[in-house]
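Chains here go by letter, A, B, C and D, matching the order in which they are written, and residues are numbered from 1 within each.
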Amino acid sequence: MSLREACECISDGDVLAIGGLTIHRKPMSMLHELIRLGRRGLSLLVFGGGPDVDLLIASGMVGSLDAAYVGFEILGFAPNFRSAVERGEIKFTEHTEYSIMAGLQANLLNAEFIPSRLLLGTDVLKSLGYKTFKSPLTGEALVAYPRITPDVALLHVQRCDEYGNAKVDGVLAIDLLLAKSSRRVILTSEKIVSAGEVAGSPFEVNLPSTFVDMVVESPLGAHPTSCYPYYTYDLWHMISYLEYCRRGMVNDYLRKYVAGVESFESYLDLVGEDALSRIMI
Amino acid sequence: MAPWTTDELMIVCMAREVENGDIMAQGLTTPMAIIAYYLAKATHAPEASIMQLAGNIMVYFDEPPQASILYNEYRAMEHAVHIFGQNEVYETIFKRADSIVEFFRPGQIDKFGNTNNSTVKAGRTVRLPGGFGIPDASPLYKKTLIYCPRHERRVFVERVDHVGGLGLNLGGATSGGREIRIISELGVFRVDGRSGGMRLMSLHPGVDVEDVLSNTGFELSIPENIPETPPPTSVDLRLIREKIDPLNIRRLEFLSGDDRLEALQKILDEELRIWRSSNVNRPKAQQML
Amino acid sequence: MSLREACECISDGDVLAIGGLTIHRKPMSMLHELIRLGRRGLSLLVFGGGPDVDLLIASGMVGSLDAAYVGFEILGFAPNFRSAVERGEIKFTEHTEYSIMAGLQANLLNAEFIPSRLLLGTDVLKSLGYKTFKSPLTGEALVAYPRITPDVALLHVQRCDEYGNAKVDGVLAIDLLLAKSSRRVILTSEKIVSAGEVAGSPFEVNLPSTFVDMVVESPLGAHPTSCYPYYTYDLWHMISYLEYCRRGMVNDYLRKYVAGVESFESYLDLVGEDALSRIMI
Amino acid sequence: MAPWTTDELMIVCMAREVENGDIMAQGLTTPMAIIAYYLAKATHAPEASIMQLAGNIMVYFDEPPQASILYNEYRAMEHAVHIFGQNEVYETIFKRADSIVEFFRPGQIDKFGNTNNSTVKAGRTVRLPGGFGIPDASPLYKKTLIYCPRHERRVFVERVDHVGGLGLNLGGATSGGREIRIISELGVFRVDGRSGGMRLMSLHPGVDVEDVLSNTGFELSIPENIPETPPPTSVDLRLIREKIDPLNIRRLEFLSGDDRLEALQKILDEELRIWRSSNVNRPKAQQML
């Protein structure tokens, strides 16, 4: 299956969950393809966002965003996220790690919501607007964390087989929860191997095919974010991206690297062999 | 040996908060925390375990690894004993809050220890990256640990603009008998249930109490005899400078703007140079796919 | 640490969770030691019970039992469980897989209970006596599955290090949930190895030390239940146990194999090398 | 080849319920189910996956493994692709109920498909091992699958003594448009939302409708023209007898008391004999510890 074919199943207005964490293992090749396809009004659900979220916002594809963090970690703020939220151009709902995980895990437990005292008293809870109710067991005040069920989850993994049995390596973040709770799950994978060759043991296949719908092979598909153990993040590329943004030239970046190229392979060609060799482990 | 610097003193103060056997957890982008954890484990807390990279990678080591920007995940995975999904990180926090050490770096902190990494009002409303797990986890610990490389009035505010991590005046789902410790570039501070707000516990050597007062946006409780923060030992300094952070990544937490970018780029180039020279004959992981 | 030392931390009346499944990977050496110690009035929480539950009931140590299944699988009914429940000698609360897992997982999510529609209309739910309430979000009827937090969990694992980092192999059942939700966790392990030698990769260490309090080395400690990949269940021994029970001679079994011996090693000697060689993989 | 037997016919009927690509789940102690799954995967459903041993072990294979009592877990692990914790088994069920096939064997089943594995009233109240996951999972499937090796009045009852797995008359958290299919030693039956109760779908060859009526404790709906269950093919029989279950483990589900124990002991001895003769030079796993 090609990136294009996989993207076709994402519609305008879908709730799209993006895996990885900040500058680690983001499904960038899939997001580039989505930008080329020009999907609009997407609702993003992201645990820790970085270049993924910033690029989609810069492309004008995002109607609303639910996230617990958006930034470039050691490189600082995410400029397009920041200005879009400050100017009210997108509807941003700030979550915490827990509020996202609890909402996703409600699906996993056949629960309508997760009742907890966590976040009571904070302004995060106020802006989430979640309902407080009296516990039927103790009468105490509890927050009802409602189910979060994304339409599609996009995850980039290190290895998988054609059925979707995958090994997600290094920092996992909430990728397994996203796969289990989203209606459809699309994996891009550094490599697709035969069944039984994903990992040395069945315990290392941590994302089984029962939770996966489509797989696409996409080497270096997380660039400029990292994909342990194959390559680290291309901070040099991200610094250059942030410089485009600082100068108000993010559209030039998009034209040059995303909209103006045929495919993610062409993008990698533009990035260049020298730059790529810098990040290879 | 060159005299200690503020970043080194702060790291030593942070390491001192760890007890042997503790679980040391690292959130996003807090390099000083990981350096402090490596130091604690290499000195007085050899049985402590580390949950690194947003807590996902549990690391054990005999010799402390070197702090890294480019190879952070790679180095942690070399010493990994278990990989946590983020939900398992929280399962650990919910079960073991009393033995977990975690350092948070807030955008704002107020008199009662409330913290904010979400939005600040600086004329206009400025959007920060977000509190991530701070509002969830920080009130659950018996000892909430904060570090502030920049002790400024815009950080130490009378009232945070947005309550993320709960302090001790607002109730909520916090741990009983809890206290909050703050290690800044100027001194060590505490908020607990008994005092009416933040109290100075010790001043770093060479810092004047006036420096603290003029850089704090609220009334601090100041003891009559102010203790001095004990300085780093030569063992601490040698470990930090030679073993754990020879690249001086810790300094990044004190810089901003172009200075920071320049320092960062120097570190990246140096890391890459060392990597390449020590891995000349190593097959690329990508080729092993 | 010895079995005796580990058992000392279990008190009369504790809620004791027992890992494994039916005739797989039961912490039998620890249970033998507990019987020798003579703890009384225990409340057992067991997902799928077998010889573990039956032996403790026969020893008169069980005040109450919460379980979703108790039987010897292919060998049929658990005789002492059956008669004790039929005669009302113990307080038995029948669960389902879900009602146990939901109650344990509430701990993992900092939730006071898990609200779900599952089991509405069944007699299992009626006998559980769980409260039904109106959803604060939809007004629909939901069951509040309350937290289950055992005092101590006893688990038998294949390998662990001295910190308690363990690899649980083969059928996992709910052992990881029990470790995460119980106040104290005691592992018996076929072998204790150095840190870093538990498994080939950190993904195979599926029970990290953060959830474990004590470890005891106990080779063949699951006998007569199985411990993949080292040995299968000793069905011959269990058939003999069931024959003792059928003849009303379970106390003879207990005297001969448990109370009347010094240690689990002596029990294994009594079982004999021939019998043990039959089950070794 | 010897003519088919009832156990073989039932296994073939069970295998026919599997569609290619389905997830086939096995609960506790249901050897006929696993034999049927192996058969389905070896014939018309090569893309189906199997969650074996209470669902914990996901198995893929090219050649069907041999059903086993002693080496059940060992054989499954040889073909394992992923290991599920039991909570992950349920996560799979909650997400994929529509593509999961799971066979349940109830102690009692009534006219509306309610099942009971908990307590039965036979003069006194008899305690059974328990419903385990049947009350949770069975009502979630669009097609709830039941098999009954013993078609007797004490199994097919007017009203179950204890409602475990919900049928179609009591509401509850069941899947809409659901049907229940029952494969017994006498025929194939169905309960769905349209009919008022259980309906006979086909009679096994050689079975008389009177046999069914006299062994069923409630009024069955009987069609005017009763179809005959298609018999096993010679491919089916060869696979079952030679590849999948040469030890005849399937027969155990029809026996009880001393007959069953005797048959079981014969199988164990035979399994052990074959294992020892084919693993003479194999180092013991225990020695590899």
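In this text, a contact is a pair of C-beta atoms (placed from the backbone, for glycine too) under 8 Å apart; a residue touches a chain by one contact, two chains touch by 3 or more.
Please read these numbers as outputs of a predicted model, since none were measured by experiment.
**Q** If we look at chain A and chain C, which chains touch each of them?
**A** B, D
**Q** A-D versus C-D: which interface comes out with more C-beta contact pairs?
**A** Most C-beta pairs in contact, of the two: C-D.
**Q** How many angstrom lie between the centres of chain B and chain C, each centre taken as the mean Cα position?
**A** The answer is 41 Å.
**Q** For chain C versus chain D, what separation do you get between their C-alpha means, in angstrom?
**A** 26
**Q** Nearest whole angstrom, what separates the Cα centre of chain B from the Cα centre of chain D?
**A** About 56 Å, centre to centre.
**Q** Which residues does chain C have that touch at least 2 chains other than itself?
**A** Residues 98, 105, 109-110, 116-118, 203, 206.
**Q** Do you know which chain B residues sit against two or more other chains?
**A** 57, 77, 83-84, 87, 90
**Q** Write out the stretch or stretches of chain C touching chain D in their complex.
**A** That would be residues 21-22, 24, 47-48, 67-71, 73-75, 77-78, 81-82, 85-86, 94, 96-99, 101, 105, 116-124, 159, 169-177, 190-191, 219-220, 226, 228-233, 235-236, 239, 278, 280-281 of chain C.
**Q** Would you tell me which residues of chain A are touching chain D in their complex?
**A** 107-110, 163, 165, 180-181, 195-196, 198, 202-203, 205-206, 208-211
**Q** Which of the residues in chain B come into contact with chain A in the complex?
**A** 28-29, 31, 53-54, 56-57, 69-71, 73-74, 77, 83-87, 90, 118, 124-137, 162-166, 170-173, 252, 261, 264-265, 268, 272, 284-286, 289
**Q** In the complex formed with chain C, which residues of chain B make contact?
**A** For this pair, the touching residues of chain B are 23, 49, 51, 57-58, 60, 77, 80-84, 87-88, 90-92, 94-96.
**Q** For a test of understanding, state which residues of chain C touch chain A in their complex under the given definition.
**A** 98, 102, 105, 109-118, 131, 133, 135-138, 140, 142, 144, 146, 167, 199-201, 203-204, 206
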